[in-house]
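There are two complexes below, and they share chain A, which is joined by chain B in the first and by chain C in the second.
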Partner chain A sequence: MRAYYSLFKMRVLKGLQYRTAAIAGVCTQFFWGIMYIMIFEAFYKSSTTPQPITYNQLVQVIWLQQSFLVLFMLWYRDSELFNQITNGDIAYELCRPSDLYGLWYAKLIGQRLSGAILRCFPIILIAAFLPKPYRFSLPADGISFILFLITITLALLLIVAISMLIYISTFYTMSPTGSLLMIAVAGEFFSGLIIPVPLMPSILRKIVYLLPFRYTSDLPFRLYAGNIGLKEGLLSIGVQLVWILILVWLGRFLMKRAFKKIVVQGG
Partner chain B sequence: MIEVESLSKSFKVAKRSAGIGSAVKSLFNPQYSVVNALEDISFQIDEGEIVGYIGPNGAGKSTTIKIISGVLVPDSGKCKILGNTPWENRIKHVKNIGVVFGQRSQLWWDLPVIDSFNLLRDIYRVPEGEYRKTLNLLISILDISSLLTTPVRQLSLGQRMRCEIAASLLHNPKILFLDEPTIGLDAVSKIAVRNFIKTINQERKLTVILTTHDMNDIEALAERIILIGKGQILLDGTLTDLKKRFASHKIVKVDFTENTKSINIEGVKILNRSKESMALSVDLDVIKVSDAIGFLAKDLDILDVSVHSRPVEEIIVDLYKVYQI
Partner chain C sequence: MKLYLRYVSVLLKSQMQYRTSFILVTVGQFFIPFFMFISVLLLFQRFSTIAGWTLYEVALCYAVINISSSLSECFARGFDTFSMLIVRGEFDRILVRPRTTLLQIFGTKFEFSRIGRLSQGFIALIFSLMYLDVSWDLYRVLTLLLMILSGTFIFTGLYILGATLCFWTVEGLEVVNILTDGGRNFAQYPLSIYQEWVKKFFTYVIPFASVNYLPLQYLLNKANGNLLAHMLAPILGILFIIPCILIWNFGVKHYKSTGS
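Let's turn to the complex of A and B:
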């Protein structure tokens, strides 16, 4: 356990080493957020039928999406791991007396957290002082905030379990581009980062609910905004747990299989 | 301590000829050829030995190291290292070994060296007191105290290699595998690395297996060498054995006043010659070095003579020729 914690700490330290990247990220996300909100403002103004999510709730969701972007984007990756696999430095990792899945899992959580910690506070802070329709406000109520905290923690575990599959696929394909692109694009769409899940057509929504992706960002953010009730929230926590178990098991299984066939070439 | 018995490993290598046509063809019908990296490798190494594991590029040195360090799984064969089979009890096995892959890095590129060291302490669960002791020892022998707080990316290759070696010894392993530890280092760093290996071997009874292309490494360190070529062990013995068997020649270098007379002595071969100097190879089975110099003195006005044993490097090249690898 100590090793995992230590690795996690290292990754956070490494992330904190690069401040300019974080500042650039904050600016991008901030303007991206404003742009999104304006698009949806136009959408809400042009339609008279009531939508399944209110404009105000949607603003909350968008700000959360932008501030926690690095926590939940599948394209946010640790190229170091990919390099290790493709150039063979993985040989060193295999000489360590610990389970590689766990080590990488800890490393990836550290990477995402370090990225998010540097970026989320400035965005949230600025968004909280914006004029009314664009403002980021406090959570709907105390209970939704607690649910938000629980689900966002589980969501981080879930997204890392999904991304582990991308890393493991590199053992087979030798190039991260394909699986990264496929899973990242599909994942982004199915987790409602392009079109918010409540605004999707009902058939699509059904599909989205069957997949693990929406349990990463859609669920916690809508809980915060008060768009999801207590009962559905509790039920979804169960679903999150089940997905984490399934994906971690699958990842470990595939990794074990990959190691039997591993070839470290050269030098 | 290390027992390896009839280890074999083959790789599947994709094959296609140049050009777009064959590239398209190989999309539908990929061709593979099987390369036998290791065939029936067996050896035994006892505690405290330093063994030089040598062979040309592609001979299977690194493959062997990777198998006995638990990174690769062989096709067949047995291997017991301190009672563990590396690819079966990987986690138990790797606690006993330290590995340095000269062409790879285990340190975190962006962070100060000491952070990587502390991480390794936690990964190997080294108790704090023991860790301090080992670290202090390594710092003093390898002279790296001033490097510890520098980010790895700002170290020179020689500095980094010293840190890499320290990193692989922090958990106090019983066996150290060094895969080309002096590759790309300058003379000073090479000597520092060699001295360190010698010291740690004597002080801690550390068993060292070392692969290298630098024969000076072997001469300075290894009492025993295992020569491997095309996946097979060609020779397993001491360096003196090797020299006795294959060093039947001496090199004589002569400086003289300008002279272009041709030299013809039986058993003496001219390796290169200029107007004022030449290098000769003397076959000791045919002629004694002193006689050869005597003959030379008759024809030339000699200014300086030096006699060298043939470098191990050349002996190895000869060995390769003998075994046709």
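Let's turn to the complex of A and C:
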């Protein structure tokens, strides 16, 4: 456990070094947030029928999505891991006395956390001082904030379990671009990053609820905004836990199978 | 011009060496914006109009912007990755050759895989043309072509501006993407849906209004006042490239080699 922890800490510290990149990221994300909000503002203004998510709740969700983007985007990839697989350095990793799945898992969590810590606070802070229709406000109530904290932690564990599968798929395909691109695009869509889940047509929403993706970036944010009730929130925590268990098990299984017949590339 | 065609044919041959990878990237380039378009469709299913524009009208705007941005990504990709040339000191080589720097940078890269994105734009265009209730005469077709051309010039100008910044910063800046990618995403919807200050910015600073608003009004019979002005507005967008080139030339004069 200590080995995992120190690896995790190293990653966080390493990520915190890239401050300029973080400032650029903050600007970009902030701009993106404003843009999405304006488009939705125009949509909401042109229709009088009540929607399954109010405009104000949607603004909260968009700001949270933008500030925690690094935590939850699927195409945030660690080229170091990919290179290890494709150029054969993986052999060194295999010599180490700890479990590789756990090592990588800790590494990836650390990387995502360090990126998010640098970026989320400035965005949230600025967004909290914007004029009214764009403002980021406090959570709906205390309980939903606690639920938000719990679900966002579990969501991080879940997204890393999903992205581990992408890394493991490289053992089989040897080229990360193809699989990464397809999973990332579909995953982003199904987690409500392109169009918010409550605004999808009901058939599509049913599919989305069956997939693990929405439990990463849709669930915690809508809990914060007060768009999901207490009962559904508690149930969803259970679903999150089940998904984490399934995906981690699947990842370990596939990794073990890949190692049985691994061909070390290069020399 | 002949030299440029020669550049392009060499690049085509080199990209075709990795055929599988090329096909994969092209397909991916098709699907990323395709999900974007689906989301526009889904939003319209829920809201039916946006600030007075219908789905098919927005689709036309979306198509024009996507076609022109992918065209300019094809041609001006060299400017997008320009910081690499500076970092490696390769720009020195370009300076000593007896041709203009602009032509040579245009010739360094040509992204054929953007055909994926381009075809996505054309699908959106066909989709909107099928349902739009507009009688297409010669003037309208000409205006449409002008819009695409003008959009391509604006995006290319933005890429040149972004590359010019590298003369001072050496590193490429992610912030430039706000103007190129962000501009594309903003301009996918007609400009009139946005707040006043956004409209002003995209009219007077970066002239997207001359692509996705004024001529669009003319195409869809929404224009009032001088029709000719609406029709010829895209030409103003094409002129945007002139200050960009001037700034580029100023940047070239400022250039200090990184050595190595």
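Everything below uses one rule, namely that the second predicted complex is superposed on the first by the 265 of 267 C-alpha atoms of A that agree within 3 Å, B and C clash if a C-alpha of one lies under 4 Å from a C-alpha of the other, contacts with A are read in each partner's own complex, and residues count from 1 in each chain.
By our rule, a contact is a pair of C-beta atoms (placed from the backbone, for glycine too) under 8 Å apart; a residue touches a chain by one contact, two chains touch by 3 or more.
Since we're looking at a predicted model, the values are computed, not measured.
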item: Overlay on chain A: chain C relative to chain B, clash or fit; value: fit
item: First (chain B), second (chain C), both or neither touched by A:Asp89; value: first
item: Touched partner set for A:Met182, first chain B, second chain C, both or neither; value: second
item: Partner chain in contact with A:Met38 - chain B first, chain C second, else both or neither; value: second
item: First (chain B), second (chain C), both or neither touched by A:Leu204; value: second
item: Superposed model, angle subtended at chain A by chain C and chain B (C-alpha, nearest 10 degrees); value: 90
item: Chain B versus chain C as contact partner of A:Thr28, first or second or both or neither; value: second
item: Partner chain in contact with A:Ile195 - chain B first, chain C second, else both or neither; value: second
item: First (chain B), second (chain C), both or neither touched by A:Ser46; value: second
item: Distance of closest approach, chain C and chain B, by C-alpha atoms in Å; value: 9
item: Where chain A meets both chain C and chain B, residue numbers; value: none
item: Residues on chain C engaged by chain A in the complex (per definition of touch); value: 21, 24-25, 28, 31-32, 35-36, 38-39, 42-43, 45-52, 173-175, 177-178, 182, 185-186, 189, 193-195, 198
item: Residues of chain A touching chain B in the complex; value: 2-3, 5-7, 10, 13-14, 17, 80, 87-89, 91-92, 94-99, 103, 259-260, 262-267
item: Residue numbers on chain A that touch chain C, as the complex places them; value: 21, 24-25, 27-28, 31-32, 35, 38-39, 42-47, 51, 175, 177-178, 181-182, 185-186, 188-189, 194-195, 199-201, 204
item: Chain A contact footprint on chain B (complex, rising order); value: 11, 62, 66, 69-73, 90-92, 94-95, 97, 99, 101-106, 108-111, 115-116, 118-119, 122-125, 179-180
